[in-house]
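Letters A, B, C, D, E and F name the chains as they come in the text, with residue numbers starting at 1 for each one.
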Amino acid sequence: MRRRTLVKWIIVIVVVIAGFGAYEARSKTATNQQSITAVGSTALQPLVEAASEEYSAEHAGIFINVQGGGSGTGLSQIESGAVQMGNSDLFAQEKEGINPKGLVDHKIAVVGVTPIVNDDVHIKNLSTRQLIAIFTGKITNWHQLGGPHIPITLINRSQGSGTRVTFEKYGLKGHESAVAQEQDSSGTVRQIVSSTPGAISYVSFGYVNKSVQPVSIDGVRPTETNVMHNRWKIWSYEHIYTRGAPTGLTKKFLQYLKNNHIQTTLFNKLGYISVKDMQYQRTWQGKVSKGSGE
Amino acid sequence: MQNQKLAKQLMKKSKTARYERFGHLLSLSALLLIMAIVLGIIIFIATKGLSTFFRDNISFKDFFTGVIWNPGTKTPSGQQAVGALPMIVGSFLVTILAAIVSTPFAIGTAVYMTEISPKRGAKILQPVTELLVGIPSVVYGFIGLSVVVPFVRNTFGGSGFGILSGTFVLFVMILPTIVSMTVDSLKAVPKYYRQASLALGATKWQTIWKVVLRAATPGILTAIVFGMARAFGEALAVQMVIGNAALMPHNLVSPASTLTSVLTAGMGNTVMGSLQNDALWSLALVLLIMSLLFNLMVHFIGRRGAFKK
Amino acid sequence: MTEPILSATDLDLFYGDFQALHGISLDFDEHKISALIGPSGCGKSTFLRCLNRMNDMIDGVKIDGKVTFHDQDIYSSQVNLVELRKSIGMVFQQPNPFPFSVYDNITYGLRIAGIRDKQKLDAIVERSLKQAAVWDEVKDNLYDNALSFSGGQQQRICIARVLAVSPSVILMDEPTSALDPISSAKIENTLLELKKDYTIIIVTHNLQQASRISDKTAFFMEGRVVEYDDTTKMFVNPDDKQTEDYVSGRFG
Amino acid sequence: MNQTQKQSQIAILILRLIAAFVVLILAFLIGYIFITGLPNVSWKFLTSPAKAFTAGGGIGVQLFNSIYLLILAMIISLPIALGASIYLSEYAKDNWFTSMIRTAIEILSSLPSVVVGLFGFLLFVVQFNYGFSIISGALTLTIFNLPLLTRNIEESLASVSDDQRQGGLGLGLSKYETIVHIVVPAALPGIISGVILCSGRVFGEAAALIYTAGQSAPALNFGDWNPFNIDSPLSPLRPAETLAVHIWKINSEGIMPDLTKVSSGSAAVLVLAILIFNLSARYVGRKIFEKMTSMN
Amino acid sequence: MGKVFDEEIITLKADFMKLGALVSQAVANAGQSFIDHDTKAAETVVTNDHEINHLQIHIEKRSFEMIALYQPVTGDLREVVGILKAVTDLERAGDHARNIARSTLDIKGEERIPEVESIIATMTKEVSQQYNESIDSYGEADEKKAKQTAQLFDKKIDQLYNDIAAPSYQAMAKHPDIVNSAIIYLNVAKDLGRISDYSTNICEWTVYLATGKIIELN
Amino acid sequence: MLNTKNKSDRFIYHFNPEETEITMQTKNLEVYYGKSLAMHNADIQFQKNTITALIGPSGSGKSTYLRSLNRMNDDIATVKGQILYQGVDINQPKIDVYEVRRRIGMVFQRPNPFAKSIYGNITFALERRGVHDKRVLDEVVEKTLKQAAVWDQVKDNLHKSAQSLSGGQAQRVCIARALAVEPDVLLLDEPASALDPVSTQQLEQTLRELKKDYTIIIVTHNMQQAARLSDYTVFFNLGEAIEYNKTRKIFTRPKIELTDDYVSGNFG
């Protein structure tokens, strides 16, 4: 046999043996390995991801796979059973094309959404009527609201985005925003609002930073306390849906998400509000009643 | 008899013939695999995209001529709000404008690289263009957002978001494609054309303009069309700077949208099988068909302009 | 004896450090065909390209010595290169018509010189195609792509293209080496016709060709001219042993 | 100096200016990326894992993922593309069917990557149940890659003179042997250029990976190189956010305080990685070419 | 032009030299037979002439073929053309030798003039020598020798012819019965003179072979 | 389309098979490109250890004919009729073309060394056939390069790229490459048309040497080459063999007027 052929065969044999050996080595540890996947809302993703990392750190061999993809993806994937958890910014009932039957809702957190404007606008408060007028395109220049003479640039989230649905439902009282530019991520929205004179949009509390100006509505400031007491109406639940009642690792992980430690430490940092802190709860139809969501 | 022995030797299938069969099958199966994938994607998009019309009963007319895009709702006049015209127009405008802006630059650069200073061209421009292909569109988008949009806003007014900004970003993004393909087609022009022209007393510029570019025209057109195809399919970067509003663009600095930007933005937020989702897939189908048209154009140009080497 | 139309005196040519031509001195007479022969790499093509400064295009080429055309040094800085190349046309080894119509090919040199008069162009097209003995074969297809013709026709179109700008000297670099014998014979006949009006300098590998058509032959070797004399003499009774060996095929 | 020559000089000057302008744009782009990014790059940044919402995260895992995914994708797509392009350039007859296949493949190359990504998601992640994983990502990238790669390789194969093929056939070798042992080595420089170009696209690709390789990069156990363990860097079944996806994610939904720094740093690293990859691929390619062809 | 041509030209030249030798022999034998009145030897000369003719045709054919196949130039061309031309001279010289041999047969039984015959013997020797030297000069491509040969013999042969012609005419006038013999003597002398002329021609071809120049010697 | 002529317009020499060893022979050969007949009427026998030249104007079918002899036309044309190689019809579907081509080697117009070393060029086909013994390969390389008369020029650079050689040397390396698989017949398609006269002459010398061991069939544009090199010459015109005879006869007394016109340059 020629040398080169010999070398080829040796390589093949070594690879096969190594592969087999590796497979053998794997089977020793794999018995207690488990993995589940959560997919969906990009808003909820950092939270679940952070929690999963902590959970994995505490429980060896556990692997929780957290992916984005949007609420629509989360709901349709959980509906089809492709994943164990579907993250959504919306109630399953609110989403067209989803059959909520058989899906179990786990409200993990509450997120407040606030309008933000570019710093140049110098407006810190708007009435609900003004807000509606702005977003439906009736008011097109800030000077109509006593501000500087700058045309208003509306920036929306993409259609179907949870933040947008929440904002239209509770901020605009069900009015639909006029057709305007759309961005499909909060980061981009913030970036655009901060750099575009006269821009107005909305983001969840977690995304507010110094580069943009949050706006009070009817004198109510967008704070977590105001959300807890439903004085700030533009908020929504962050849901994790399971297909049927959760079992096994999914159940354990959901419990972990809901426990005090996570809810108090992680949530604050990320700008989410713990469901436990809520004084009011809301059904998918929008009916508000006192009491936490628990 | 010796001849029969020879005949037998010649009749026996040699190892070489088996190699050939093997190789033929191997490469054929690779091609078939690709074909399967291509067909898979095309069928996948077509079934999804066509269900808008056949399952959700949206009329082609509403889809291609409507100007209001809000699938799942009705327009004030009562039709389904699935008008894709603004996106189609937007896509076309940015693509064509980007091609118009890029072409002179790309050709100029390519000519520089092949005719004027081949050494420097190969040393600097070639690696740089290859590098640019690898920059993620997000990065292009963000540079567009932080450099191009303010520039357009300050120079041309408006919010800065719009077709013009999209054009500028795409211009840079498709430049490498057009340049490298144009360079290839210029290099394919035989050296002796240049010599013949110079020997007839033409200046360097006359040679480039009247002979080299003319001989390379089909290749250059192909390059442009490929650049346009790339522009047409580009999503993330354009989405960030074009404003992404499903409105008929009334000028170059008003927010508009493209097929891909709406498609990309909406995909995650809609539920598979819903009208909203189907409508997005219809946009993908339009893209696919457009892409087909671009390709047919390339082939047409290629066949018409092909010259023997 | 008439004055030579084109002559090279002590011409040296360097590619970087490599000296490709060593003190070439040759005079070319008007209305004669002169052939340059020699083994590959002997410098005959390089020399030919010096005569209309086509070597200028190559990087790192240095040329010493003098080439005079009608007693004017063509390497002087006052020389208008474009005019020079119009007066000293060139035909290449590979038939290289531009990928346009025959008509556009022939008029190319005129158009770049700014001639637009259609009538004048038509006349020149006909005249030069006739001179190149290809008119009958292409006259009905003047607007067809020149590349659609046979190799021999293409080469004659290329000759016509050069004739169109009315040069006085035509340089030919192995014009028939890519052609079959029949096409070659046609080109050779064309050249013999053209001799009446033009001075032709031809590089050829084909010794029979040189002997058939040329009036004078120069034998090159290793960048030097070994012998330059009347073709008959070169092929019957050359002075130099090397020449004899080469032309009789005993070389190498 | 007459008019045409003046005109020529002016035109060439303009061409030089155009080229200079393009270089300027390109230099600006790359300069922008490096100037805003490089100050944020440190050894720690390159090696530490990302942080979701606190400052000081790195891109170690993402960088590894990008390279690993690229290599996997290339290992899968190169043989297929090579096979297909061999078929197209050497075996296929030149008829409408072949040209239809070519057209179909080219159409694929101009599809928006998000469409390919979703296709990959439905096929590999959901249908084949590979989940959000490197293997799903690599397969999707393969789909994304194949058209361009096939086209490039086919062109390089076509540029090899027919004389070479004839030579092989004339020796009584099969077409296949001739292609594999003569034509492909001769076309190697072109093939390498094609691979580099495609690698660049793979490096920079985000949209196709969001739905397939996923957007999370769980910390890896770099001490465990057994590909069957889920936290091993080599595991093909783990989710793997690449650098480009990371840039996309933190720009769109990131809430860490230092996100601009991470983002620009990542972009600079990405461009640098492509640069290094290009140079090394070219170098290795040239070495292989020299070895195979005895050219030096 | 290569090996094949060189080999062929060597063969051709060998054939040519062979022909030269054959003719040389014919000349010598014919002269000797005439002097010796050896009709047998004379008959041999006449028969051998066929051989000479065949060889001549063969050489001509080969030369034509070589020109057609190899299109020789310079020295090669001169070799082939030289042979092609010279071979005719050889053949003609052969013819004259044959004539002399026939004369031997014709003169049988006629009255002789011994003093004339002795001069014929001298002339035969001289012509033979001239012929041989011409062939040698051709074989060696010796231009100098060729010129010398032509010069050296030219006058001599003329003189010898006259030496034969004068007594022959005188004899004819005096003795009518000797007319036949005298005519034969004159013919033989004329034949020898022709052979001498052909030798000069061969010398001219030698000059051509060596220099490419076509000259007229004498 | 071809115009068919009556038989008296053609002259094809036939050997007496009893006296002469015929290596190859074609009978009723017809070559079609698509539907158009490109070559027919060429029943020619090739004698062992001779050089036969195929001459004729461009497009006369001589190259087509040559390429049919080792079935190099398989992919591009339809070849009908018999091609007998040592009495075996190699133009039947059952025949293994690769084996045919090994025995009937081919050298092409342009020197086409592979992008490999000189050594690699020559050993390539053998290695593909499973010969890996270095000693055997070394021997073959030396032997064939010597046969091709290029050994002295390249023996010190066997591991340099064959593509760096001059045209003449490259062509002779290509011949050595073809010889390495021990063919019986060597087909050459205008092997000297890309070479200068000196290289051409060396190549011709090589072929003359090779004639001792091989049967050589050569297509050439260059009539002088056919004349000085070959033993037999076939003149092709318009897709058929017009005249086949000893080269000497073709060039001095052709039997057909057309041949006369062509070889004397009064053609066309």
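The rule is short, and it goes like this: a contact is a pair of C-beta atoms (placed from the backbone, for glycine too) under 8 Å apart; a residue touches a chain by one contact, two chains touch by 3 or more.
This one's a predicted model, so the numbers in the text were calculated from it and none came from an experiment.
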Treat touching chains as neighbours: how many steps, at the fewest, connect subunit D to subunit F?
1
By CA centroid distance, what chain is farthest from subunit E?
A
Between what two chains do the most C-beta pairs come into contact?
B-D
In terms of mean CA position, the chain most removed from subunit C is A
Please report how many Å separate the Cα centroid of subunit C from that of subunit E, as a whole number.
52
Chain centre separation in whole Å, for subunit F relative to subunit A (CA means)
77
If you average the CA atoms of subunit B and of subunit E, how far apart do the two points sit, in angstrom?
93
What are the residues of subunit E that contact at least two other chains?
1-2, 5, 71
So subunit F residues touching two or more other chains come to 98-100, 128, 201, 224
Note: subunit C residues in touch with at least two other chains are 82, 112-113, 207-208, 249
Inside the complex, what are the residues of subunit D that reach subunit C?
2, 4-5
Listed in rising order, subunit B residues that touch subunit D in their complex are 16-17, 19-20, 22-24, 26-31, 33-35, 37-42, 44-45, 104-105, 108-109, 111-113, 116-117, 121, 124-125, 127-139, 142-143, 147, 172, 175, 179-180, 203-206, 208-209, 226, 229-230, 232-236, 260, 263-264, 267, 284, 287-288, 291-292, 294-296, 298-299
Parts of subunit E lying in touch with subunit F, wherever the complex brings them together:
1-5, 64-65, 68-71
Can you check the complex and tell me which residues of subunit B touch subunit C?
190, 192-193, 195-203, 206, 210-211, 214-215, 307-308
How about subunit D: which of its residues touch subunit B in the complex?
4-5, 7-9, 11-12, 14-16, 18-19, 21-23, 25-27, 29-30, 32-33, 79-84, 86-88, 90-92, 99, 101, 103-116, 118-119, 122-123, 143, 146-147, 150, 172-177, 179-180, 196-197, 199-201, 203-207, 244, 247-248, 251, 263, 267, 270-271, 274-275, 278
